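Below: a set of structures, written as C-alpha cells.
Each of the next two complexes has chain A plus one more chain, namely chain B in the first and chain C in the second.
Right after this comes the complex of A and B.
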C-alpha cells in the first residue's frame, strides 16, 4: 500500500524525480567507472612484463632499474660491462639472458638494442609473446623492428628508411647509417609500443665514427667497412634473465647483488612493480575518494529535492494524516521514495557504466593500451549499489523526520 | 736483485688491490627477510635476521650465557615449521634445514682492526621442504614473533609459477595471506 503510494507519488513528480535519479545514476557510473579504470590500470601495469625472473642492471634502486629497463623512463646510472654480462650469462642457473642497450632515440621514441632472443623471451599480459603485425624480425645489421605506436605516430611502413639519433633529444643525427624498418609489432599496451628495436651490434655500428659524444670531423666509415668490423658491445644497459628453476632465483639474485667485480643489482620484476605501484597507487586512492564524494553530493542533492518537495506536499501530508495515516507511515513513505530513487539511480548508473565501457573499451585500448574487461557485475558492484540505497535512506531520514513532526500542524494551517 | 725486490713489493701490494672493492649489506634491526620459492611440490626457503632480533646482541659471544643463547637460537631456527607455520592441508615436511650465525668479520677475518669495532651479526637459515599439496599454501602464520621477542617485522618475498610478490608481516598481524 505504502509502496504503491510512494511509486505513484514519484510518478506524479516525474521531472524533478528523474533529474535526481539522473544525478545519482551519473555519480554511481563515475564511481564504478573509476573503480574499473583503477583495477584495469593496476592489472595492465602488472602485466607490463611477465616471464622474466630477474632484471639486472647497475646498482641503483629497484624501482629505478625497473623504470629505465622496462618503462624506458629515466636513465641508467651506469652500464653493465660486457664482461660482467658474459659472467652472468655463463652461470649454470641462468636459462636465458637478453641484453638491453638504451640511450639512443628516434624522434621522440627510444631506441633499444637487443638480441633476437628478446622477441622469444619478453612476455606481457600473463605470458603473451610479442607478435609481428607486418614484416619480419630483424635479421640484418641495419634492420629495425618498431612498436605499434612508433609506426602509427610517424606513419612508417615496412622497408622505410629511418635515421637513429645519438642520445636523447639530441640534434645531431646519425645520417650515415641507413637503417630500415623490417617489421612492425602488434599493439601490446606496454612500453614496447613506443620503442624502436635494433640489434645490439647496430648500437655499436652507430657509434663507429663517434668519439666522446661528437662526430669526428670529416670521418665517415662506409657501411661496408662497418659490416666487417667487430661490433661486440663494451657494455649493455640492463639484462632480462630467466632462471632454470624458480628455486634458484634468490640464490642467483644474491650472487649478482654480491658480485665483487662490479656493483650490480638484480631485481624481481613482480616485487619492483608492486613497489612502484605503491608509489603511483596513492593517486588512484585519491581518484576513488573524489568519485565517492560525487556520489555523496548527488545524495545530498536528493535530500535537497525532498526538502523542497515537502513544502509542495504539505497539503498532501495533512490529508494523509486526516485519513488516518500515522506519522510513522508518512516517514516510511518518504524514506521509501528516496530508496526507490537511489535504487533506480544506481541501476541506471550500472547501465551507464556498461554503455560507457562498450564505447570506451576500444578507444582506451588503442590510445593508452589500457584494457578494461567487460565482466558481469561482481559482488563488489552489488555492495556499492546496496550502499547507495542505504545512504539514500539515511539521507532522506532528515527531511522525513521533519515531515514526521510537522505533518498535521503544518498542513492544516491555511497559509496561502 | 732490484727486480726481485720490486716483484716482492708488487706481490706485497696485491692484497691491497684485492681489498679495493668495499661493500657492506644493509642491516636493519628488527627486520628479518624470508624468501620463499615454490616449484611443484618443492619449497625452498631462506631466512635472514639480524643478531639483535634473535639473541638481542651482536657482539662476539664470549660468556657461557651468550654462547648458550646462540646455540639455542640456531637450534630454534633449524625447525622452520615451528617459526613459519604452513597450512596443515599443504602437508609439508622438512627435507633439509640449516641455520648459522654469520658476522661481518667472517668476510675479512685477517683484518684484525675490524674485530675491535662493533660489527653486526646476522643469522642465516636455509630450508628445503616438500609439500604434497602445494595448492593449499595460501597462508603463513608467524609463531616466529613469539619465539623471538625482539623481532618486529619480516619482509617476505614469494616466487611462484605466476611470478614474484612481496609482503610485509608485522608483529601486530603475524599472518601472511598469499591471496591466491
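Right after this comes the complex of A and C.
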C-alpha cells in the first residue's frame, strides 16, 4: 500500500517528476551511447583489417606503421626496397603478399598503388572481401578503382577521368597521365572507402618524368612510350602478408625484423591495435568520466526537486505521522520514490539509446564509416541501470534525512 | 482494564527556541466513551497539548497515560505504533492525502496498526460501511480525495479515525472549515459513531456554542498554565 501511495504521489506531481525522469533518461542514454560508440569504434577499427597476419614496412614504430598502412593516417618515413620485398615474398612460409605504395593523392583522398592480389586478400569485418558495386577491377595501366566515399563525395561514376596529384596536399598534378575510373567498390566502413586504388605499375608510370619530387622541366614522355617501359617499382611503402600457418607468424616476424640488408619492421595488426588502444585509452576514459558526471548531475537535479518538494509535502508527512507512520517510514518512502524515478529514468534512457541507434546507425556509417551494431542489452547495461538506481537511492538520502528530521520536529502539527 | 482512557498528571513541557514558552498541565483525564470539548483560543497551547497526548513530542516531567500505558516509556517506533492503535486523529482541514483515493485514505492507519486492522476485518468493506453511515455517496469510495468537498473530506477523515475502533478520537477543530448547517450534521454523524463503539472523543475548539452536545466542557485556561519568555 505504501508503494502504491508512493507511486500515486509521484503521479500527482507528473510535471516535475517527468522532467526529472527525462533528465535521468537523457543522461543514461548519453552514458550508454558513449559506451556504445567507444566499443563500436574499437570494433570498427578492429574490423578494418582481418585475415592479414603481418604488416611489413620500413623500420619505424608499430603504431605508426599500422596507421599509415591500414588507416591512411600519417606518412611513411621510408620505403621498402623492391629487392627486400621480393626476398620476403620468396620465403616459403609466406602464403601471399600484397604490396602497398602510398604518397600521391586525388583531391582529399589518398591514392594507393597495389596489385590485383589486394582485392583477393584484403579482408574486413571478420573476413569479408572487397566487391565492386559498379564496373570492374582495373585491367589497364591507367585504370583505377575508387572507394565508395570517393565516388559519393566527388560524384564519380565508371569511365570518368581522374588526375592524380603528387604528394598529399599538393597543387602539382600528374596531368600528363590521366586515369580512368574502371570500378567503384562497395561501401566497407573502412579506409578503403576513402582510397583511390591504382596498380603498382601506374604509380611508377606517373613518376617517369619526375625526379626528387619534382617534374623534370620540359620532359614529358608520351603515354604510349610509357606503356613500353619497364615499370617495375624500385620500392613499396608497405606490404600485407599472409602466412602458410599461424604458427609461423612469429618466426616470420622475427626473420623480417632481423633482415640484414635493410632495416624493416613486421607487426601483428592486432597487437599494434592493442598498443593504439593503450594510447587513446586516456581520452576514452575521460570521455566516459564526463558522461558519468552527466548522470551524476541528473541525479543531483533529482535531489534538488525532492528537496524543493519537501515543504509543500509537509502536510502529507504530518498525516502519515498522525496515522502512526514512523519517521523512518517517511524516509523510506522518499528513498523509494527516488529509486522509482531513477529506475524509470534509466529504462527510458535505454529506450532512448535504441531509438538513437536506429536513427544514427546509417548516418554514422556513411559519415564516419562507423558501424554500431544494434544488439540486445547486455549484462553491462544491466549493471549501469542498477548503478543508477543505487546512486539515486544514495543521493535521495540527503533530502530524505531532512524529511526525517522535519517529521520528527513537526510531528503531526504543521503550522501552515 | 482502567476506565480512564486518557490521563495527564503534572505534565510540564518547555519549548525552547525562538518563541520559548512552557506548558504545564496539572491534571486532565478523559473516561472511556466520554465526549469532552476543550475550549481554547489560538495560541493557548492546544496544539502542544495534542502533540503531547499523541506522543509526537515528549513532556519534560509528569506522566501521560493512554489506556493505562505511559506513553513516554515507549520507544519512538513503539510510540508511533501505539498512536496508530489507540488514537484516531481528525485535523482542522487538509486531512487527506490528495493523491490517494478515499479508500486509500481511510485504510491508511490500518497499515501501521495490526490490531486495528484485525478488528476492521475486511478493510474495504468496513470503509464502505463507515462511509455509508457517515452519509457519503456510495460511488465516492474510489474517488480521488481532491475531488471531494470540504465537508465530504472531513467525513472521510472521521471514517479514517473510526476504522478499526480505536478507543480515543482526537479532533482538532474539525468543524472550523464548515458552515453552520454542515457543522451540525457533521457532529450528529460523529456522535452517532462514537456512541456506537463507546469511543472517547476529545475535541478542541474555540467555539463555546458546541458545548451543550458534549458530556463535559473544559477550558484550556482552567487545566493548563502557559508561561512565555519575555520577548
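Methods note: the second predicted complex is superposed on the first by the 408 of 416 C-alpha atoms of A that agree within 3 Å, B and C clash if a C-alpha of one lies under 4 Å from a C-alpha of the other, contacts with A are read in each partner's own complex, and residues count from 1 in each chain.
To be clear about the criterion, a residue touches a chain if its C-beta (ideal position, glycine included) is under 8 Å from a C-beta of that chain, and two chains touch if they have at least 3 such contacts.
Just so you know, these numbers come straight off a predicted model, no measurement behind them.
J.: Quick check for you: in the superposed arrangement, does A:308 touch first (chain B), second (chain C), both or neither?
T.: neither
J.: After lining up the shared chain so the two structures overlap, which partner does A:75 touch, if you call chain B first and chain C second: first, second, both or neither?
T.: Neither partner.
J.: Taking the superposition on A as described, I'd like to know which of chain B and chain C A:1 touches: first, second, both or neither.
T.: Second partner only, chain C.
J.: Taking the superposition on A as described, I'd like to know which of chain B and chain C A:324 touches: first, second, both or neither.
T.: Second partner only, chain C.
J.: What's your read, chain B or chain C touching more residues of chain A?
T.: Of chain B and chain C, more residues of chain A lie in contact with C.
J.: Going by the contact rule set out at the top, does A:275 touch chain B (first), chain C (second), both, or neither?
T.: It touches chain B, and chain C stays clear.
J.: Kindly classify A:86 by the partners it touches after superposition: chain B alone (first), chain C alone (second), both, or neither?
T.: Neither partner.
J.: With the two structures laid over each other on chain A, which partner does A:316 touch: chain B (first), chain C (second), both, or neither?
T.: In the superposed model, A:316 contacts chain C only, not chain B.
J.: Write out the stretch or stretches of chain B touching chain A in their complex.
T.: Residue list for chain B touching chain A: 21, 23, 35, 37-39, 42, 44, 46, 157, 159-166.
J.: Give every residue of chain C touching chain A within the complex, in rising order.
T.: 47, 50-51, 54, 56-57, 76-77, 80-81, 83-85, 89, 91, 94-100, 104, 107-109, 111-113, 160
J.: In the complex formed with chain C, which residues of chain A make contact?
T.: 1-2, 4-5, 8-9, 11-12, 315-316, 319-329, 411-413, 415
J.: In the complex, go through chain A and note every residue touching chain B.
T.: 50, 53, 126, 245-250, 258, 260-261, 263, 268-271, 274-275
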